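Everything on this sheet refers to the single structure shown next.
By letter and in written order, the chains are A, B, C, D and E; residue numbering begins at 1 in each of them.
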Amino acid sequence: MAKLIRRTSKAAGLPPGTLIHIGKKKIEKPRIKIMNYDESNCEEREIENVKECYDFRDTGGVTWINLDGIHQINILEQIGNCFGLHPLVMEDILNTEQRPKIDDLGNYIFIVSKMLYFDRANHIESEQVSLILGRKFVISFQEREGDVFNSIRERISKGKGRIRKMGPDYLAYSLLDAVVDHYFVMLENLGSKIEEIEDELVSNPTTETMNRIHKLKRQIILLRKSIWPLREVIGIMEREQSQLIQESTLIYLRDIHDHIIRVIDTIETYREMLSGMVDIYLSSISNKMNQVMRVLTIISTVFIPLTFIAGIYGMNFKYMPELEWQFSYPLILASMLIAGSLMLYYFRRKNWL
Amino acid sequence: MAKLIRRTSKAAGLPPGTLIHIGKKKIEKPRIKIMNYDESNCEEREIENVKECYDFRDTGGVTWINLDGIHQINILEQIGNCFGLHPLVMEDILNTEQRPKIDDLGNYIFIVSKMLYFDRANHIESEQVSLILGRKFVISFQEREGDVFNSIRERISKGKGRIRKMGPDYLAYSLLDAVVDHYFVMLENLGSKIEEIEDELVSNPTTETMNRIHKLKRQIILLRKSIWPLREVIGIMEREQSQLIQESTLIYLRDIHDHIIRVIDTIETYREMLSGMVDIYLSSISNKMNQVMRVLTIISTVFIPLTFIAGIYGMNFKYMPELEWQFSYPLILASMLIAGSLMLYYFRRKNWL
Amino acid sequence: MAKLIRRTSKAAGLPPGTLIHIGKKKIEKPRIKIMNYDESNCEEREIENVKECYDFRDTGGVTWINLDGIHQINILEQIGNCFGLHPLVMEDILNTEQRPKIDDLGNYIFIVSKMLYFDRANHIESEQVSLILGRKFVISFQEREGDVFNSIRERISKGKGRIRKMGPDYLAYSLLDAVVDHYFVMLENLGSKIEEIEDELVSNPTTETMNRIHKLKRQIILLRKSIWPLREVIGIMEREQSQLIQESTLIYLRDIHDHIIRVIDTIETYREMLSGMVDIYLSSISNKMNQVMRVLTIISTVFIPLTFIAGIYGMNFKYMPELEWQFSYPLILASMLIAGSLMLYYFRRKNWL
Amino acid sequence: MAKLIRRTSKAAGLPPGTLIHIGKKKIEKPRIKIMNYDESNCEEREIENVKECYDFRDTGGVTWINLDGIHQINILEQIGNCFGLHPLVMEDILNTEQRPKIDDLGNYIFIVSKMLYFDRANHIESEQVSLILGRKFVISFQEREGDVFNSIRERISKGKGRIRKMGPDYLAYSLLDAVVDHYFVMLENLGSKIEEIEDELVSNPTTETMNRIHKLKRQIILLRKSIWPLREVIGIMEREQSQLIQESTLIYLRDIHDHIIRVIDTIETYREMLSGMVDIYLSSISNKMNQVMRVLTIISTVFIPLTFIAGIYGMNFKYMPELEWQFSYPLILASMLIAGSLMLYYFRRKNWL
Amino acid sequence: MAKLIRRTSKAAGLPPGTLIHIGKKKIEKPRIKIMNYDESNCEEREIENVKECYDFRDTGGVTWINLDGIHQINILEQIGNCFGLHPLVMEDILNTEQRPKIDDLGNYIFIVSKMLYFDRANHIESEQVSLILGRKFVISFQEREGDVFNSIRERISKGKGRIRKMGPDYLAYSLLDAVVDHYFVMLENLGSKIEEIEDELVSNPTTETMNRIHKLKRQIILLRKSIWPLREVIGIMEREQSQLIQESTLIYLRDIHDHIIRVIDTIETYREMLSGMVDIYLSSISNKMNQVMRVLTIISTVFIPLTFIAGIYGMNFKYMPELEWQFSYPLILASMLIAGSLMLYYFRRKNWL
């Protein structure tokens, strides 16, 4: 199951700013892709040696450096040196257990967000996506190669939309937007699971249903934990007029803000629905028990007294005059039949049948 | 059942501002109705060609353009071009999964609200109503033809009330007011359902009752999700002194604000009542079970010991002196009667009968 | 039962400011009482014709106009015209489903509050009391004749206390204070009901107890809905330094504020207590069930094995040597007695007896 | 049980500022003790005639007047006149149902706090302690003689600590501090009760346990209601720079603020623990029921089929060949033994034994 | 079990600023270690006589005085005199029941935090760590010797990282950071316990499981109580621009702030998970009960009617023609077999088997 609890104490006791990778190694070899573009030109390159980054420091246009795989500390260190990143920022990029946050460090803004996806076993996996938004560049750090930024790469290389005309702030926005857009895919998936369980609850609730509800609840908790702080991140970007963010980008930030609020709204709705479903489940268990008890009670109540009567006439007393009478037996049988029928009639009137 | 979860991921990955219709196509052919009025004159027209909008751009008086059916993107695009709407605004109009919101874009204010109604199967349907409030015009976008704006259209054409004397801000207020007024109709409907279920709970709660409570809870959640943000929308309109809203309209906004708070108050009250009803339902199940168990226990407790006694005298031992005595049988019967009566007396005293 | 849900949709679709009475007609003929007083004089009159109001518009001293019964729209309209009330204010006075609120309209302040009382069937009835506080007058609107303002009328006519020396703001305060003071009477009534139920819960909880808890919960919800917003109303009166409220009255407003907070505190306490009582009720049902089950189990566990033994010796096999022995019967009886006693001892040790 | 609900409606309908004692008369005869001290001198006196207060109005040094027993209105009135207290303040002192609050009336500050203690029956009693902090005096009002201020009296008379060097604000702080310190005693008492119940829950939960949990919950609610507002009281004293409070006293107020927050923290912790204990209690009832049911089921399941077999061979058919065989009886007995053992083995495997 | 409730009333009634140790004596003899360092030099010493502190008051460089064991009041008093600490600060250091807090006293900042660790019995122990941050010194007070500051001591003595280049504010930050880092170790431990219980819940929930959940809940409550206020402490350090904290340290405070928020996030997540687990536990009890009841019902329902039939033919009536027929017995046996099979088939269809 997707872990809510991960090992993050590895760094406890180390001095702040110590570079140590916390998280799973999700890719074998880190890959660095660089795009450099302005309105008219666009260059795309995958570099082998991290030193080549230096070439892109002072070009015209916007530079986007994307690093897939962050576990090789020396690569990160070189990028950090090249663009003058603070040791604490480097530490946070390496620690994949960050919560989404934003830090304005003057020359650049540091943003942490969480990419969420279902793995093959249908568990939610969370991947940390860190962004550095500088005056002329954006650096993005992913734990592994993902396809979520591909459409942006394509829009840049083909010059679709307004992205080529805008600055690095718009690029950063686009990357965040891609992350947030993916949340809707997650929500739909969860939503249809919830609907399935709801149908199950009405038709035939089993212990498995309760386990599925619980598992979904856990996933919702994880989702909320990853997404909730992002709202504040975008809010801060909107409000705190950084020089790195142009006014024309603000409307886009507002748009992404709306999206996140919609995501959070939906998550809260799911939570409430799952709570309601636990109530239904418990009441359906109680109902089933009621039904079982009723069957037992009806059978027992009808047959125990009759068996008692049979027991009476099974006694071996010498002087039991009824035993001698000729019509005792059919009379007894008939009266048993009547008694049983009366019982059943009583249960029917009580709505137990 | 009214879906809480809809497909909204269709647009994931597309560049921002891409026009794509998200939602169901609820009407075959979009219809555009235009009203142009001032204190003395009023013109009403249904246009075929969206280009005719341009004629109304610079007329005197207030222009109200109403579009029923938003799925034809080209129509929307032309309206957008005509009145200079931002691509993100266009995108939001097309995405019917917006939450209510307000955006002040300087030249115009963009408002999203939700029209709620019961469909034929008695499920809550939610329809998005978007408004553009400009300096001299209001544009309203609905997903399908509705009758909720008819009374306003009539008030304008017949010059009832003060609407003809006021500006477009008052028109926008009137449209929102019509939407909010309709919520009270919804609430009444839900309220009488709640009362029905409450009566059912007292008289004869069944599994169906629980399902109805759950369904109502879901509808309340949907309602709240649609209405709650509207409160903030109106609050922002009141506070943020836009030039587009005249001071004389403010008191009307305050009025609508009061209405929304009343709606929200009532929704919260309903939520609390439904929660209380789940408690009652669960306790009534437990009570029923108690009753069933009591019947079983009384019958078993009375007859099992008696059957045991009958069993004793049904044994075939050779030397059982009692069997030979003449009055054993009636004595045994009498003592059984007494024992049973004592049992019943005991249960009566314990209030189980 | 006191309705939480009332019909308020009657006005849906009408233009704002349309005068329409929403609520029950609680009195046959509206009555208008007018008091005019200053420090030395006091005149009290009941007028037949609403036009006489005009006489009191420009007198010296403070004028208090009280209208019992608001369903005759023309009377209200004339009062409104006389004192220049805004159509929306008039509409709110007529709609008895308002929540408590305050509106400062410059020349006068409009306050809505809720008078609560128990009707004969011991249900909470809510009556709307609207106040208009002007520069030299106070107008109060009640749905029916009530006795809650009598003591104030008496204080004015007899010159008790400082009311004759103070302005209309003090009069308005006194009226609100009378409304709030009455809440304490309500709370006491509810409090003693809660204590009764609590005693019932300990001594003998029945299904009826649960219904009473539920009914009380509903009444508490209604109370809270009516009182909670009043807190803000008084808060606004205190804070927003209206010219209509003199500084010497502020301390009195603070006092009423304290009272309302105490009322709300108590309501919240009641809510918590009622929630706790549901827990107790449910646990007492479970306990009862446990007790029933125990009786059943003890009886069954003692007698079923014994009956089995009796059944063994009731078999008709030809070769059952024990049957022939002389002391089989007493031996079997004795061993049955011992087995039964051991069972009972076991149950005693398990604390089931 | 300590009442959460008291009669406070006695004053409803009276004009504001009417002096009327609301609460129980807890002491026969009010006692007035006066201390007057400065750094070098200290005079302590118990006066009989309230008029003697006037002597202390204009002395040098700090005057502390303590009144035990507030039910004699005329005494209060004279003190009020002597120090110029507002009628509403007098009313609040007399109404022992106030919630803790602070009012700055310019010349003096009026503070209401709640002294809590356990009475002999171990119920929480709440006593109102009102303070008037003037420029050179402090007046404290208690409902009955208490010993909680004795240590302060001693510190003053013996000149311990810095109290003699400080002004009346420090004295007022000391009195409040004594009240708050006493809360910790309450908390400890409640805490050890909670621990007792917790042990009981693990070892042997009974219906009595649930009642004790409920009683504690009620006491916690009462405590919270009395203490929570005090936090705000001290907060206001700290923030609203009254001339009556010297800057050197602020650090002491901060200290008392910390204490109250600790008290509130602990109360909240208790509440959470008690909620958890209800869960445990309910689950333990369910477990007990499970256990009872299991015993019943095992006994029934083992013996009912065996009794059936015995019943078969108790039938009186003429042609039942088995009855004639010589080894039928031991064979049947043996097979019954085996069947019973298999059943028990099955239950053991299902962990029911 | 780790106590949530400790004896803190010892000081009730004493004058404020009275030095009294509240808490357990956790170490025999207090130890004082002093470090004095600047960028180039570092001196480390353990002193016997507390007077030696005075030597370090006016040295160049940063002085760190660490006191392990705070129960000897005279030692504390001398340190307090040496560095001019306020009596209330001294009192708070001695009272180990403080909640985390920060007080800015102008010349120095006083910070209280909580070190948490598991003792040998796996209970959470909480130790108070107080810090005094002065212009040129930091004093830390611990209840006993701990190893959590060792790594900082090493970093200073070996000159690792930037600690030697920074001021006392960075040292104070480092100490707090060490405390907070240790929380992650706690969380991991708790997290793996939660996962264990979750597995247990799915495989085989027992009463013990519920006890463990309850125990964890308690520990989480304790954790939250100790950590939650620390968030505000750091927040205040960040915001309230004290002269004692240099701007270059602010980014480190922001970092620690992030860590605490992550800790709190995780605690809240744990709380939610534990709540969900109680639900699962309760539903699993209900399910088990259902299963038990079903077995009982099936056995009873199959065999009670059959036993009744056997009872019929065990009656001793003289005239029971069936008894004489030759094939009655096998016929009855066969019909019993069929009846039983039909029952089982019915139960199978009802999914009870």
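Operating definition for what follows: contacts are C-beta pairs under 8 Å (C-beta built on N, C-alpha and C of every residue); 3 or more make two chains touch, one makes a residue touch a chain.
The structure presented is a predicted model; accordingly, all values stated were derived computationally and were not measured.
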{"item": "Contact-graph distance - origin subunit B, target subunit D", "value": "2"}
{"item": "Any chain that touches subunit D and subunit C", "value": "none"}
{"item": "Chain centre separation (subunit D, subunit E; CA means) in Å", "value": "26"}
{"item": "Averaged-CA centre spacing for the pair subunit E and subunit C, given as whole angstrom", "value": "42"}
{"item": "Residues of subunit A engaged with two or more neighbouring chains", "value": "282, 286, 289, 293, 296, 300, 304, 307, 311, 314-316, 320"}
{"item": "Topology of the chain contact graph, where touching chains are joined (line, ring, star, complete, other)", "value": "ring"}
{"item": "Ring path (origin subunit B; first step to subunit C)", "value": "B, C, D, E, A"}
{"item": "Residue ranges of subunit D in contact with subunit E within the complex", "value": "148, 151, 155, 160-163, 174, 177-178, 181-182, 184-185, 187-188, 191-192, 194-195, 202, 251-252, 254-255, 258, 261-262, 265-266, 269, 272-273, 276, 279-280, 282-284, 286-287, 289-290, 293-294, 296-297, 300-301, 304-305, 307-308, 311-312, 314-320, 351-352"}
{"item": "Residues on subunit C engaged by subunit B in the complex (per definition of touch)", "value": "4-5, 7-9, 11-18, 86, 88, 92, 97-99, 101, 103, 105, 204, 207, 210-211, 214, 217-218, 221, 225, 278, 281-282, 285-286, 288-289, 292-293, 295-296, 299-300, 303-304, 306-307, 310-311, 313-316, 320, 322-329, 332-333"}
